[in-house]
Every structure is written in C-alpha cells, then in structure tokens.
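Shared between the two complexes below is chain A, which has chain B as its partner in the first and chain C in the second.
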Partner chain A sequence: MSQESSHGVSAPRKDPIARKDLLALDLCGEHGDDGGGGLHFVHDATRVGSAMTSATDTMVSASPRHRLPTASSWTLMIAVLVAVLALMPLGFVLWATVVTGWETAIQLIFRGRVGDLLINTVLLILLTLPVCAALAVALAWATERTDIPGARFWSWMAVAPLTVPAFVHSYAWIGLWPGLNGLGAGVAVSVVAYFPFMYLPVSAAFRLLDPALEDQAASLGLAPFAVFRRVVLPQLRLALCGGALLIGLHLLAEYGLFAMIRFDTFTTAIIDQFQSTYNGVAAYMLALVLVLCCFVLLGLEAALRGRSRYARLGSGVARRAKVARLGAWKYPLLILPLVTAAFSLGIPALTLGRWLIAGGAGIWRMEEIGLALWQTLAICLVGGLTTTAAAVPIAWLSVRRPTRASRFLEGCYYLASSMPGVVVALALVTITVRAILPLYQTVATIVLAYVVMFLPRALVSLRASIAQVPVELEQAAASLGRSPGNALWSTTVRLAAPGAAAGVALSSLGIMNELTATQMLAPNGTRTLAMAFWALTSEIDYAGAAPYALLMVVFSMPLTWLLHHQSKKIAGR
Partner chain B sequence: MRTSSLAGVAPALSILAFSVIALSSPASAQVTDSITIYNAQHEGLTKEWAQAFTEETGIAVTIRQGSDLEIGNQIVQEGANSPADVFLTENSPAMALVDGKGLFEPVDKATLDQVPDGFKPGNGHWVGVAARSTVFAYDKRKLNESTLPKSMLDLARPEWKGRWTASPSGADFQAIVGALLQLKGEEATAAWLRGMKENATPIRGNSTAMKAVNAGQFEGALIYHYYYFGDQAKTGENSNNVLLHYFKNQDPGAFVSISGGGVLASSKHKEQAQAFLKWVTGKGGQKVLRDGTSYEYAIGKGEASNKALVPLAELQAPKVEPATLNNAKVTDMMTAAGLL
Partner chain C sequence: MTLLQLTSLRKNYGSVAALDGVALSVPAGSRTAIVGPSGCGKTTLLRLVAGFDEPDGGTISFDGQVLADGTFQMPAHKRGIGIVAQDGCLFPHLTVSQNIGFGMEAGRAVKEARAAELMDMVGLDRAMLSRKPDQLSGGQQQRVALARALARKPRLMLLDEPFSALDTGLRAATRKAVTEVLTAAGITTLLVTHDQGEALAFADQVAVMRAGRFAQVGSPRDVYSRPVDATTATFLGEAIVLPATIGEGRADSPLGLLDVDDVAYRGRAAIMLRPEQISVTREGRGGVGEGAVGTIAEITFCGPTCDVRITLPDASSFRLDIPSREAFSAGDEIRIGVSGAAHVFR
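Entry: the complex of A and B
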C-alpha cells in the first residue's frame, strides 16, 4: 500500500498554474494557460520523469523577476537540502551496490530467483496496463461522451475504488475466493484497485478535447470509429502515458496486495529477505533491480509520450463536445460501469460487510482500535504538516523565482518519490542503525520517509495556491514598512493557507494507507490502522481486521472526493 | 494584524508539538519501571503476557513486533545500542543466533529452575517459554489413517507430488528443517529438500497454508499444531475440513520446537527484564498458555497445557538440542534447493 496515489491531484481554485500542476502530475496531459487572451495548450515536463526529460518546455512565468538575493538564496539552500535528503535512499542503494563488490553483486543478481521475480514483474505490468487502459478509455467515453443513464453517478463510481486501499481489495477477493493466487489474480486485483488512476486523467482529457477536430475529420469522410481511432485516441496519449506510469510505479511498490494472494514480486521478495535477515546484502541487490525497473518505467514513459504538441491555437474557446445519442444501445452499455463497480466496489463491500456481521460486537475492541486510530491520526498529522512544510521552499521558488535550478530540484523530488516505500525504508533503517543511531527508530526517521514519498502531493497543492497570490500584495506590504519575512508572512503565506491545508490532507491520507515503510520504520510501540489490519490478516483473523479496513476506507473518502472534484475543475465544470 | 497572524498559527504549532511529544513518548519511554520487548512470538500471546505482567508488577511493557530472524539479526546489528530489554521468539534458531554473538545476559537461576531440562540450552543464556509441535494438517475428506504419511520423510517421495504445502520462508518451517538436519544429517536433509521442491507448493504463512488445505487446494500442510486449535476456538471456518496428524515415534516430523526468551546484555533494565522472564516461565505466564487463546504448550515444571491439546508427553518427540539448531546452514541448503 505504499505510495497510494502519491502523485495526487490537487489544485483548490481555477487558475493557470493550478491547471499546470494538476495535469503535470496525474492528468499528465494538455492543459490550459489562459495567459495572453487566447487559449493555447502546452505540455511541460515538470512531473515524475522531468529529471530525465529535457527541461526546455514552456514555462509559465507568473511574476516579474525581482532580485531579493538573501531571501531566495536561503530558500534555495533549504530546497537543496530537502532534495539531498529525498535522494538519500536512491543514493544508498547505489552506494550499497558498490560496497558489496561486483562479484557478490553479480552472484546475487544473476540467479534463478531474481529471474523468476523479473518475469513475474514484467508480466504483471504488461498484462495490467493494457487492461486498465482499455477499461479507463471505455468508461471515460461512456461517462463523458454518451447519454448513458446516470453518467455523473457512474463517473463517481469509477473513482470510488480509490477509497479502498489496494491490500484491502485483495483481502476482499480472498474472502470471496479463498484459493485465489498467482499472476491471473494479481492482474485482476491490480486492475480493479488501480484503474481509476487512468480513468481520472483520461476522462479529464475527454472533457478538454476540442470537438471541432473530430467534426473536421468526419467532414473529410472518416467513419465514427475511424474518427475515434485517428483523432481522439492520439489526443489521449499523454493522459494514458501518465496514468500508466502511475499505475506501473504502484505495481512495483505494492506489498500487501500481492503478498495476500501469493504472487511474488521484487517488493514481496525484499520483505521476505528483510524478515529473515533484517538488512542483508541480498535485499540490497533486489532493491537495486527494483530501482532499475522504476527507471525503465520512467524512461519508457518519457519516450512514449513523445514531443508532439496537442495544442489548440487561436481565439475563442472550444465548445462542449456533443454527446453520442445511443438510443436503445445505452442500456446494454450500462453493463460496463455496472460490472466494473460490482468488482471494484461490490466485492469489497460484500466481504467487509460479511466479516463485520460475522464478527459482531466482539471485533470492536475499542481500546486497541482507539489507540491505533489515535496513533494513525497523530502520525498522519505530523507527517502531513512536515511534508507540506518541506514543500514550501520549492513551491515558493518555482512560482516566484522559476529557474533552471528550481526545475531541476523539482525533478529530484519527483524522482525520489517514485522509489518504492520498501527501498526508502530499507535505506533509512540501515543508515540510521549504522551511522545515526540517535535517529534510529524515531518519529523523525519515519516522517523523513513520508516526506520523501509524499512531497509531490503537498507541492502541487501549495504551488497552485501560492501562484494565486499576486506578488504585488507582498510588495505593498513591504512598502508599508514590513520586513521581507513579515511581508511574506502577512500576505502570501496567509492567502496560500487553503492550498497548504489541501497539501496536508493529501499527504496525510497517503500516510494513513502506507504499510511497507511504516512497518519497517515505526518506533517501538507504534501501531497504525494499516499495521494492525496487516497483523490480523496474517493470522487469518479476517473478521478482526474488518473494523480497521472499514476505518481506512472511511478516512480515504475525502481523498477520493478531492481527486474527483479537482478533475472536474480542470475542465471548468 | 501581527497578533492575529500569530494567533492563527499558534494552534497549528501546538498541535505539531503535542503530536511529536505524544508520538515519541512510546519510543523513548525510559521510565525506570518499563521494559521493551522485541517480540517474534505471536503478538496476541505476548500481549496477554504483557498485560497480566504489568497488572501484577506495575512494570510497563512496550512491544516491537517482527519475525524470529528479522529481529534476531536486528539485535545483532544494533549490538550494544539495542533498545531491547527482552527478546522472545517462536523458535530456538534465532535465540542461538543472538547467543552466538554473545549478546545475552545469563538468565537468573531461579527462572531456569522453573523449566525442565530439554527446554533450555546448556549454558543458561536463554530459557524456553513455550513449545509447539510439528503436525501434518490434512483434509479429512481426502486422507485417512491408512493413506496418511507414516513419516515426514515420506513427503519427499514421488507419490506425494503436488499434494502438500508448507511455508518455507517462515522461521517455523526453517526450525523443522533444522531439526531434520540435526537428526538425519546433511545428505539426507538435502535429499529431502530436493524432494520437497518437487512435491510441495510453497505458501506464505502457516495459517494460510492450513486455510488452503481446508479449501481443498492441497491434501495436507506441514505446520505447527496451534493454528488448528486457534481457528477451531473461533469460527472453525478455516479448519472445519481439517484434522491433525501427529507423526510421533521420534520422527523428525514429531519435532517439538521451543520458543525462547532472553535478556539482552545491553539492557538498562535487567532487573525488570529478568523479572519478566521469571514471571513468564512461572505460574502466571504458564497459566496464560493454559487458559488463553494461543494453544501453545506450557512447559514450566508441573504446569499443564490447554486441555484441548494432545499432552506434550504423548507426542514422542525426537531429542533435539535447541542451542545448536543451525539456521545459517538451513537457509543455505534451502536456497541451494531453490526453496528460498
């Protein structure tokens, strides 16, 4: 359950930078920039792969550049420091490989077990992504472009599976089909758990398409399906690539989902190693291969999305796309969202309900549940606040002083956050136990792991709201005699508070459902909802685990609402 | 404006400070009367022990949960700086690992005296706290007295291909292999592991293995006994089609594994840690084993186990020296056999 939607969508109000960030992260597609009167689209690379793609794309300069050398250089230093901390796990894995020595490393990497894991991982990704893409495009088309009954409702239902943590999905499936295991099961559960990550950007892209292009294609004689294939699909490419990358990274990082249905990936194998050797060399080498897999995904995505522009140039705005009138066909089409919802929501609801009823009042051990809830909320709050605070310098720099350096730093944060939780935790455990013992098993270390994993979530929200504050307010405050820091505090910081709150919420919710790193790094005596759920299911006390699953679902609901809400806002509806 | 802005941020800061304090307190609970247990035993059992112990003595207990060798290796890494006072395991090999690095404080004589010979190592550096028996948990719809394996060694024969399961990545199963190695030697063990690789389907977790047998996926599973009794005491939903087969006859499959407890030499609360081990091996701790929900065997002198269990004395377990169970060798051999 690591990195649940770690590249979360957020932008509280409608504004150009907000859109840029939003699309840059999850929706990864075309985005509007209302500057300059006309509507023109650009795409940029300030997202997960930006460290690997060239940074020459269009930048939105939100303010005239003023030289405030001290303030901005201090901010830059802090931002650099955060970036160094964030890249520490990645650096550690590379360092561990060098220290291990080539001979041992080769022995531990080129063996049958690693080959099996690699085949498992590659097959999992190759099978899951196309199914997710087909399902997401079909659902997005049905809910955005047809007169299917209850389109709004089905659009909510297509996002709702995100309220259920991935390992709770497989818990639900296991409850229904106890023998479920292997690749087929892994693909099936992954699809229902993760397809919304693709549905969100694709449905947003559908809303942003200019229907005039489709009309022209039709007027030149293309049949409706050919229009879809040759005009619509290519315009969805960026959304599909972005969603695919996000799902791919989740597949690599996920532990609970696959452990429960007996499907081995690199992450489950690293945990197995950890459980029998703590931090042995074999675990480092598996982590190295896992990191390389992440790089391959990032590189592939950067290559596949290409450099084409999908821009609408000219004055005026696009009209709304017309909705396909399906006539009697709209009823058979209902089967698609119905079946999807049955698998992705019905199964969790059914199993959870069954266990809650079977367990009765006995499973509500309020003292333990209360303690877990309190510890979870406390660690979420501390983690969320720290993550957001750590994102402030780079958010401010990228809006007020955008430079090549600030873009590079942002790329570093995204790269660091795409590392699986198990790698981050393995690195921090080893570094603290060997070198910085006072930090070993402390809240500080686990919070650092959360900052590394969830900083981009806070960054997008924060940057959007800082961009909405006119720099002139700061200047006015300064001209009225306030010191630079005070001027900043009394204008920008206060006005950007809603964005910061959204950042805290999004990163906190990621932390709530995080299992892998939390288990490895938690201070003695800590027990979060996810940890308690996992411990109980490991002893097949499925009824006892149900209250914890229910609580996680309930607390994830605001995240899902926020994601859906934001994706609607992009299209200005 | 200035005051109001400060007023706005004050609650947030105080929440932050409060949470940091609240969260770090269990980690840094250095109150005199408290101990930290690194626990690889079943969490439910250790919690029962800890609660009753705290009620009786007023000594607070903080538990860190993990698996045998994870925590054993963790303690070795932490060395003299380990925050642990007590280490509890499910099986002996992890105790042997930590003892091998000289990290245990000898256990008080009074505590050792509460436990019969055979349930503690000769050097007295740690002590048995509970025991569990190897069993073949089988699907009663598919197997009966005449078709069950007579010995654990039979499971490596070709006729058992595809019919049984186990959890080779777990410390429990590795302890069983350790016993086999001690009893039958390296060659026989390697051959048996090769047969197992051919015949058995690996599953992560003993309870999951039993559940798979119950669901009809396999005819049997080589696990410990208490998973069955624990499930029967609840709903029986994962074990109602299952029965237990005890190999007996000093068969390697009749191996009784000793769960150990030890006091860390680096502990700053040795007195309290020793008191805990004394309590666990004494009347109070053994009563939890008898009357609680763990269904592990009580081992204290004159202490009876839960009535539902086949008595320890009737298991005809082979004689195994717990202090010399060699886990490193076992892991190497299992890796070589392609099981890990």
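Entry: the complex of A and C
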C-alpha cells in the first residue's frame, strides 16, 4: 500500500531509508531507548537488515541546515512541547517517589509483595524470551530457507496471531482449560501471543542476509550447523535483541492476559491497588519498580546489541539464498508450523467458534455492540490522527534538520513510549485529579495517553515517507514563489501522505487493542470493544464477550497485513 | 601432475546455459586465468569448483578424487579449496583478526599469531587486526580475504576478480604481491577476470571463455599470438584482421606479401597481425619501397600515442596506435612495415 505512490520520486535515496525505518517499525513499534539514544534504536533496525546506515549520514550532509530558520524553530518548539508532555508520566513517577520520602518509599518497595512480583516478572521474562527466540528463529528458517510445503502460507500464519489481542489469547485458553493459572500458563500464553514480534524482524533479517557469507564460511571448512551458529546467528542478533526488547516491554505492560489467568505482575498489582483502595502511594512505588524494570530491559538490550555494524560490505545486490532441500524431513518439519498455528490461532478460533455457536443469536445485542464499535472506531481515529499529527514535527526535523537536539528529542519519545500503559494512566489520572480536574476522564487526556504510548509507531512510518520526498522538491516549490509553509504543504506533506496514513493505521491498531490505560482513563459512559469484552469476561459471560473479540480480530486483520507487507517490502522481495 | 580436472561441465539457470561443456585441466602448482566478458559464466564455474552449487552435468575431480558428478556432490566444507570472492566477503560481525582465524582449528593464541603473520604476508599493517571490516578500504578488505583463505593452507585457491575493486596503480602492485604470496606458498591458483592484460600477466595458462564455453586454452603467449578466431583475437588485445590468399608459407594481403605462421595451408583465409608488429614511416623518406603504401585517413592525438586510421589502396582500412613523436597529419602517405609472421585463422 502506502509508499507506492511516492516511489519514483527519489529512487536512489529511497531504499535504504525506507528499509531502515520500516524495520524499525517492526522492531520497536512502541518502545525506546535511554535518553537521547532513540535514534540508535532506529539504527539497530538498520543493522538488522543490511540497509546502509551511511545513507542517513549522506542525507544528513545533503540537507541544507541553514534554510528556513523560522519554520524549523517553530517546528522544534512544538516537538519539544510534545516531548515534555510525553515525558510527563515518567517525571510524575520520579516526582511521586521524591514526595513520598525515603523512609516510606523503602518501606513500600522492600516488602514481600514486591519481591514476589519481581520474582514472577523476572521468571516470566526469562522463560518467555528464550522460547520466543527459539520458535521465531526456527519458524523463520523454515519459512525463509527451506522448501517446506506452503512456506508463504506458514509465514502468514506466523504473523497472524498478532490479529488476536493478547487478552483474547488467554480468554481462548481459559475457554479450553478453565483451571489454567500461574507461571506456566503465563509463559505459554505469552509465547503464542507475542512470538510474532520476534518472527517479523528475524525473518526479515534472514531475507537480508548475504548467502555469500555462508558459502564463504563453508569454503573455510565449516559444516552446515557450524555455519549457522557462527555466521547466521550472530547476524540475527540485532533482530533478536530488538524483538526481545519489544516482547519484554509488552510483558511488563500487559494487564488483561495475566489478570485472566490470575498471574500477578506489577501491572496487575498496580491496577488491583488502584481499583480497590486507591492507595496512591503504594501504587506509585509499584510503578516505580515497574519503570526500573523497563530501564533494566532497555539497558540490557543496549548492552547486548553492541555498537558493531552488521550491514553487508559488498557492492551490488546479494544473490538469493539457496533453499535447503528437506527431502524426507519435509513432513516432520511441518509439525513445527502446524503445532504453532494450532496453539496461536487454532485455540482462539476454536474457543471463539464454540462460544459464538453456543451463544447463538442471543449474544449479538446489536445496539450495545454497535455503540461499542462506533466508540472504538471514533477513539481509534481521533487517537491515530492526533498521534500522527504529534509525530509530524519531529519526523520532519529528524529527516530535514537532523541535529543533536532532534536526535535527543526522538530518544525522549521512545523512552516515554516504553513506559507501560498502566504507569502512563496512573500518572495522568493523578495529575488531572490533583491539578486540572476538568480534564479528568476526558477525551483529551486519553488521547494524550495514546500519543505518549504510540507516537513511535507513527514516527517511523512518517520518517520513512518524508525521507522519500527529495528536499529539492520543497526548494523548487519555494523558488516558484511559495511561502515556506506553503511549499512544505504542497510538496512534502502531500507526498508523505501514504506514510502518514500508515502511521494512523498502526497507531490505531495499538489503540484498539489497548485495555489498561483505556480502562483507567476513558470518559464516563465510554465502552470500547476491548472494555466491553473485558467487562463481560469479568462477569464470566464468555459467550457474550465472543462477538467483541471477533470484531477486534476482524479489524486487526488489515493492519496486521500491513505490518507484514511492510516487513516484506523492506527486504525488497 | 593434474590437480584439478573439469570435464564437460554444464550448469543451467532456467533456460540460460551458464556453463555449456567446460573442460579444463589445471596442473599442480600452476596459475591458471579464466578470462571472458561479463556474464560468460566465470563466477558460475568457480562456484561449482568451490562446491557452492551443483553442476547439471560433467565431473569435477580434484587430486584424483571426484568432487562432483551427476550423482555425487561433496559439500564445500570438505573440499579444502580456498576462495576469495569478488567483493572479499568478510564477516561483518567479526574483527579482521577473527576473520582471518575463522577457518583455523587452533587455540586462540596460535590463531592470533598466525593472523599477524598472514597480515605481513599480504602486506597489511598488524595494527588493523583489531578493526572491523567496514573500517578497511576495498583493497584492504580483499587482502584480508586472501589472508583468511591462505590461513587454511588450501591446495587450490580460487580468485574471483580479486583486483576489480582497486584502482589501476594499486591493482598491478596488489596482483604482483598476491602472485608472490601464492607462488611462495606453492598454492595452485585459478583466477577469474575480465581484464585480458591481468590474465596474460598473471597466468601460466589462460582459458578464454565465451558464452559458457572455453574458446581457447593455452599459454599466455600462445593465446595472444595464435588465437583461434577473430573474436578471441580482439578480446585479448588490438588486432588487425585482413583477408589474404595463402600459399607456400606466405600470404598475399592488402599489406603486401607477408610471412605466415602456417606453412601447410593454401587458399583464402583471414590473417591477423598485432599492432606491435607494424611500423609506419613517412613515404618518400626511407627511399627503398618495402611494404605497402597507405594513407592516414584520421588522426587523433592521445599523448604518448596517436590513434590513426589508415586506408589501403584497396579501400580497406584499419586502426592503429603509433608513437606520437612523429608528427603525421591526415592525408599523409605512409609506408607500412610488418615484422614477424602473420597468424592465419583456418
């Protein structure tokens, strides 16, 4: 879809940039890096694939920095304002800690409950990530590098679980095994819900690997398995790191999935705290620990990723990778995608189908469903548009006027978006209640939360398409007598529209499946699909919840397709 | 002794025959160059020998052992054949030292010591050992790739246009250095290039390739002065091809009566002269009339030489570079002398 229309415009520059940012999209849909490091994050993605980092640098030097001082300083001001708003939740948590005072803080943090939660969280992450990584690498290898029957189909099936919101996954498992609970269940459901986040970048990285390196390694005497271990795996490292960080942040932020199977994490504990006693201070301290966990993940990822370059060195286009002939192994290997699909898609389909049939026509309470649908679409559209609009200034700056400041700002956005929804919501609730009550539970506040959480999704799409519009067009328009703003509007903005549309779509996808912050912040009387689903399952009305789950899946489908399509396009194949 | 033997090797990509019956025998310790225009199948041939692809027909045998035939294919990692690819193909995630040590089976200290030795051998500074490949120039990358392949002491080394990334000056120097290294190590080498000068300078044996076949295989001097046909002749260097009637070891041609290298042949045939066999003098100065008389139709000054087109009395014409010290101009009459025998295309 999207970028097609602006293709021919600047062919030589287009590819590296587009690849880079789109990959980043897959990797870091909604998370970031430590202060000022956001761009590194986007850069990793570059290294994941072979998209050349240098292309950005060339662009940097190619773009004139001295033009339009007023226009860019205005843009910068807006970008700074957005960054300040985005960092508000993080700032709030720190502020709350300071206000609480050391003694109380230490008392609230170093207690058994927090220890239990921490053990749960650490075990969850430590068990889920390796399983996801192994599954993603195995599936990516099978679909990209072997002649397994229906490779393309299985590749779609490996991405399709993203259409099912995480909490619908656990709803489906509970439907089959009502007693499911605890760590084992948490790991199992997390793996099926989130492994596509690793599969996407890893399979893209497989497509971008230069098979000549593998040939070379063989000529140096390495047997096939050694080649995989010493040449292929190291080059997948960045994709694996990026995917692992994304999954890790999701695990920290997820509420519905774990609440449904009664597995306690910081997020579920904060929400319990918030709903039952509104014990502010205890909730803030849990949030602080949660934020610290995020920082640990970000730091670990940055350390593991390293600084080295993984791009291909050679010139020309890499030859296509040879497909491994499986021969007799063809059918045994099919078990892998089959079993994966059975758990990640079969179970949701089975449970949903069962409830839909069991519920019959009675569960289709059209009025309520219609209202929820309408409200969801409205809030997705408003949220998506606002998020994208908020990303425009920084996207334009980072492409057209890349400076230290713009890189730092980008880093701020990524950092802010890696904060779990519950922290963002908690902060906004407290701030509005205490300081600006009229804004409490209004559309404005919830939209701000979405902007904070999903801005990077819009940013990567926008950056990619702005980078495709040659700056010369803007200059040509200016030389034809347009004012700077008008020139910008009539060239770059017009031509970047497809990227903006993708940005709106991808942030909307996030908003539609968002439950935590939405529940805490939604204006009175709002009932989105996710909220209605959650309310019904809480009343153990599993049949009644089924239509809402179905609708969420159906609306997620085109957006997931978009995500997969973009990751294919990155590899140019 | 023959180290590598190829017989009627074929490889198709879909309907394209990349290799169409290639036969070659490479003596141990020799240097063989395969030269041919872009797309003629040179890389394909090396990939088959290295074991990266399977031939569709024919056999490859190495040191008396069959590496590949219609049914059997020995995997690349068991062949012990080194290859330096067109762009070096260094592992981007490893340092130079790790790249060189990649294929060695030894302890870390041994590897590092050996890497340092190899760096000296290929003429690179040891300080580069800790760098990443992207911090090296193209030529340096290629030499590291050579060092990496040498580290395993292969008996056969395949070089795929290893000098194409270098500029002209560095190219000759690197070629010389590489030749020395390989000769010193006694490694049989198969070099692929599309630069005929490089092939002739490098090899003991040259194979001229065209559209998936070998047009001619022989010593550099042989293929240069006795090419099988006009296309081969012009591919290997400037050639003047003229029609002639041949008999008794002499040819009656537009350039007069010339000696030929084929005494047995009689009848009409094309003959070839290399430009260095031809000398021109201003007509009327030398006095005695030896050789044919021609006219300078066009002349372009190119520094040390002038590029001239000479027309002969029978209205045929040919191009030639002549030293620019003699100031000819268009329309001048010249006398054309020929030394050595002309080559006959039978």
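In this text, the second predicted complex is superposed on the first by the 517 of 573 C-alpha atoms of A that agree within 3 Å, B and C clash if a C-alpha of one lies under 4 Å from a C-alpha of the other, contacts with A are read in each partner's own complex, and residues count from 1 in each chain.
Here, a contact is a pair of C-beta atoms (placed from the backbone, for glycine too) under 8 Å apart; a residue touches a chain by one contact, two chains touch by 3 or more.
What you see is a predicted model, and the numbers here were worked out from it, not measured in a lab.
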{"item": "Partner chain in contact with A:Asp215 - chain B first, chain C second, else both or neither", "value": "second"}
{"item": "Touch count on chain A, higher of chain B and chain C", "value": "B"}
{"item": "First (chain B), second (chain C), both or neither touched by A:Val231", "value": "second"}
{"item": "Which superposed partner A:Gly280 touches (first chain B, second chain C, both, neither)", "value": "first"}
{"item": "In the complex with chain A, residue positions of chain C that touch it", "value": "47, 50-52, 75-83, 85-94, 102-103, 105, 132-134, 141, 148-149, 152, 165"}
{"item": "Chain C partner contacts - residues on chain A that touch it in the complex", "value": "210, 212-213, 215-224, 227, 230-231, 234-235, 237, 308-316"}
{"item": "Chain B contact footprint on chain A (complex, rising order)", "value": "112-113, 178-179, 259, 262, 272, 274-280, 358, 375, 378-379, 381-382, 385, 433-434, 437, 440-443, 486, 489-490, 494, 523-526, 535, 538-541, 543"}
{"item": "In the complex, chain B residues that touch chain A", "value": "1-2, 5, 8, 12, 15-16, 19-20, 22-24, 26-27, 29, 36, 42-44, 62-67, 69-71, 73-74, 76-78, 81, 83, 169, 171, 174, 203-205, 207-208, 211-212, 215-217, 230-231, 234-235, 238, 331, 338, 340"}
